[in-house]
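First chain A sits with chain B, and in the next complex the same chain sits with chain C.
And now, the complex of A and B:
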């Protein structure tokens, strides 16, 4: 890559000087100049993003010892082992619930929050600033705060639930939210929604601010009701921002690892794991099978991205 | 709380009183303000609890009260004995290195795609967009095996490369937008005055694109600073643990060192939240630019 770039540099310079004399070199130079500028970016993407995909696919058909020694080809054995995992159907189902619930609740709440922040009133700035915290802070650390707040003996969430009469006693089974897989999973979704809200709200707010106020005034003059205005003007014009925010959320939430890892490590067993966490659990001892899980995760992400590109006709927009 | 917020768009959309153009009635303003403050408090409470627990004496850690009876800084002073300084240094190296690499690579790419319509431009931008949609978690095994083979002298280098690669897209989009907004005529005028192409770039375009550069810089730094799953996978020796991995390690099998965990979290989080506040208004553009366009 580097060689091509520096060579093209020379060609480009000489091409520019001798414009009439060397049409071929000039053409070559013109074709190679872009590489000089975007070559490093392509190289970085190739090494860090594209090549790992190749390695991942290769690993998924190789046989490894638990401590990482390559023992030979495995054919489709890793995939067969993966599909034979008794916990896999539950994990897939949990992943679907995780993505659908977290993204849907986030989108609905963010619509409301964005609408609120789009109004003019004292204190708007304070809310905007407060929303920055969960966005900028590490998700791992935010999750650990919730884990501490859910402590069965002295966590502040339990303290609050006791004060309002929901919790009967400390240290009880009821207070041990993270000890019960179902309850733990609900709390993880709460944290996932909490950390997804800021970006989503800001993205929708940016979308709202592109809607011309004249449209609202026209609707008002026509005597349209608030709900009617919202449904016929705001929602349709918000569609591009909404779709992009939803897509980014689907990808982020699907790939989310720190929330579940910090709360329960995906346990007990795999009872609170999504496919991303399961991949990480498998990686400890079954590298080939973990790669097979990765391949499936990767395939799912690609399908989502392709559907999105198709739905938004990305190619036409760029050109 | 949930109900209140979801109801908001219905009652909160502009202009319920038909004749009053643009003016929000005072009563409703008060409701909005109250609601907004309530939401602000809800979003800040977890971080308040983080600070409170960090300042709580160990003897009162298990007390059932919202605020401790005594306050102490001991967690912040004793944390350095456990190697926290090394973790801080590693995080600074990884985040700083990744940021430098991203700028070095993204600046020329963004400038060129903003200025020239060359063959392959669409393909390149599509490649960047796809990169943005992919996350290290989706190909972690590949990353681990690849860097195992590279056998770089330290995990810090691997982490710099991975963080730079996965944050490149954001920088390209935001810089592309800023470069596009600088009129070509300005550069040409400077070149007519004898500045040369690089001179025009350095004296005209780069300063005008500075807000975009700062945004890319801070965003990449924070993303690399907070990155967890790759660091957890590639950093295998305690000398290479960045902050996230170190803080995760305060969670033991049977007990958690909450005091130090949150003291470390405060040190790792607060500066980053303040930095983020500077670029808050521009981040959405960089995250969605590639897909909305």
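And now, the complex of A and C:
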């Protein structure tokens, strides 16, 4: 301890001396030293985050051939074409339903799951590990498994439904879950919830574990009911973790692409597409318009996040 | 339409042969190419797409076989072969050309912009008259830039109607379907057996092919003979109405707008589908399926509204020759004439389940039980439009044409027509 203290004194001393004596160039060098450490990170962010954003905005006002040749400026034409798409209102509506339903159901289920995993019971460790599986598996893999499980002729889900008498015959319209837009959309939301649960549950579980046990003891001494304890102690104290998890889910679910793409490709037509998927569908032939959709998506995410932060009084609650 | 076969047959499809070529490792040998002079030894560099599924049937072997035969006949000319798998083909060729490492001969996609840049020999200048006139004229237009034919069709593919003879027999149907009415009644009988009567892949993978085959059936098309877009013609609208009723009658698989060719071809190979439009690429899938023997299925001309069609959808891959060194032109011509021989065309057809690109090649295979049925309509096959806006039109067809099964067909086709006439 003594050694450290004296060493830091010396450093400080020499620092003061140095500041007086060193020429400007050297002082600048010293100031720039931290850049050496954070520089790579900044460069990385600039190249993989900021630059694509710039390119996205630029592309949205340019006219490209489907093969990627730049044909000249497009002005606002890409945006005009995008807003003229007859399917756009339906897609926006569907995106809202997608985000709201998936996030809400995920949060509610995760609250229960987190509570469950926070209890002491035999096999808890295994259960916790098991919950990681859908998280550890690639989303695309999980989605493909569901797609095959829903196969109208031999999917395991259909086999089960047939066994319990819900499904009348294989290969029928009824068995073709992913062929009917509404049914497909519901199934895709199920998959989205399934893959969102682990992260959310763990975030909430971490939150639960930060709640001091004394509070529960005090509540018990005061004779509070279980439900009352949950409402008055658990939920309020869980709020920061809950908000963080919800926000991350909103962003993730909004940007979710592989689930829908692997299961229906947004089809038939654009009837199961969200804005993210629609952007990709457009990209196959209309690069500029697709970039315009990207810009709108980008804006939507920012707006949604800001509204979320404002509505939840984020600053007081989390930081 | 330079992606000809790639888009239509190879990459997008369940063509086992070519599809797994995509995942196979890149086959490339050392690339020669330089050198060559009058009198002395000449070295030619051939770059070709790899149609194989792996080392056992890589196109590298096919071309090296030809090259060594050729070298034996012409000891002072050596041909170096480099094959590139389809996934990387466009990129690698573009890189080679950008770096001015031109191949002498390129087989795969035809790039009109290379003709435009004056990099290519006109086809007539690097073939003997007999070889040139032997090339299927129906594919000439696709290979033409500014009135001159630069590319030469090398391998082709075409569609026929496949049907499951076993199911036909069980359903008590004695003759092959020829008309739309036949298809309706036969499909209903097969449906009664608990199978899918007709496989209709109108999903995004290749809706543009399936739709065209049906349009042709009623004398429709995407473009008329003069190149005018006729997507929303009354014949095409009628066709869509027919398909709507056909699907409603429940004899196809459910929700055809979400079903793709790859999956349906596999189901046909499993014996679960009575009829489906297919190409020779379906044959290896049937063979791999192991459910249908060669006598359990047959393929016949595409059924039209009032009778079997004498045309079909055809696609091709092409050869183009680069102006690398004028001293090589004679050697190149010799080699081109050499590899267009019937035996090499036939070998390629049998190896990869594609079709020949020469008149004599068709003649040589016309009585072949497997390939014969595909060849009748090939010489007057219809190609996808050769127009820059086709990419957009195709995408829109893929994504939206199936919606005409549930919405007003006229409106859907009008919208596609509008995209086509608006231009790219």
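To be clear about the criterion, the second predicted complex is superposed on the first by the 278 of 319 C-alpha atoms of A that agree within 3 Å, B and C clash if a C-alpha of one lies under 4 Å from a C-alpha of the other, contacts with A are read in each partner's own complex, and residues count from 1 in each chain.
The criterion applied here is as follows: a residue touches a chain if its C-beta (ideal position, glycine included) is under 8 Å from a C-beta of that chain, and two chains touch if they have at least 3 such contacts.
All figures in this text were calculated on a predicted structure; none of them were measured in a lab.
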item	value
First, second, both or neither for A:227, with chain B first and chain C second	first
First (chain B), second (chain C), both or neither touched by A:129	first
Which superposed partner A:258 touches (first chain B, second chain C, both, neither)	first
Contacts of A:178 with chain B and chain C, given as first, second, both or neither	second
Touching partner for A:281 - first (chain B), second (chain C), both, neither	second
First (chain B), second (chain C), both or neither touched by A:153	both
Doubly contacted chain A residues - partners chain C and chain B	153
Interface residues, chain C side, partner chain A - complex	196, 203-204, 253-255, 257-259, 267, 272, 388, 391-392, 394-396, 399-400, 402-403, 406, 424
Residue numbers on chain A that touch chain C, as the complex places them	65-67, 152-153, 171-173, 175-176, 178-180, 184, 264-265, 267-271, 281, 284-286
Of all residues in chain A, those that touch chain B in their complex	31, 33-34, 36-38, 40-42, 44-45, 47-49, 51-57, 59-60, 68, 108-109, 111-113, 115-117, 119-124, 126-142, 144-146, 148-149, 153-154, 156, 159, 170, 194, 198-199, 202-203, 205-206, 213, 216-217, 219-220, 223, 226-227, 229-230, 234, 240-241, 244-245, 247-248, 251-252, 255-258, 261-262, 276, 279-280, 283, 287, 290-291, 294, 297-298, 301, 305, 308, 312, 314-315, 317-319
Partner chain A, residues of chain B touching it in the complex	2, 5-16, 18, 21-22, 24, 29, 32-33, 35-37, 39-41, 43-44, 46-47, 49-50, 53, 61-66, 101, 104-106, 108-109, 111-113, 116, 118-122, 124-131, 133-135, 137-146, 148, 161-162, 164-166, 168, 172, 222, 225-226, 228-229, 233, 243-244, 247-248, 251, 256, 258, 261-262, 265, 268-269, 272-273, 275-277, 280, 283-285, 287-288, 291-293
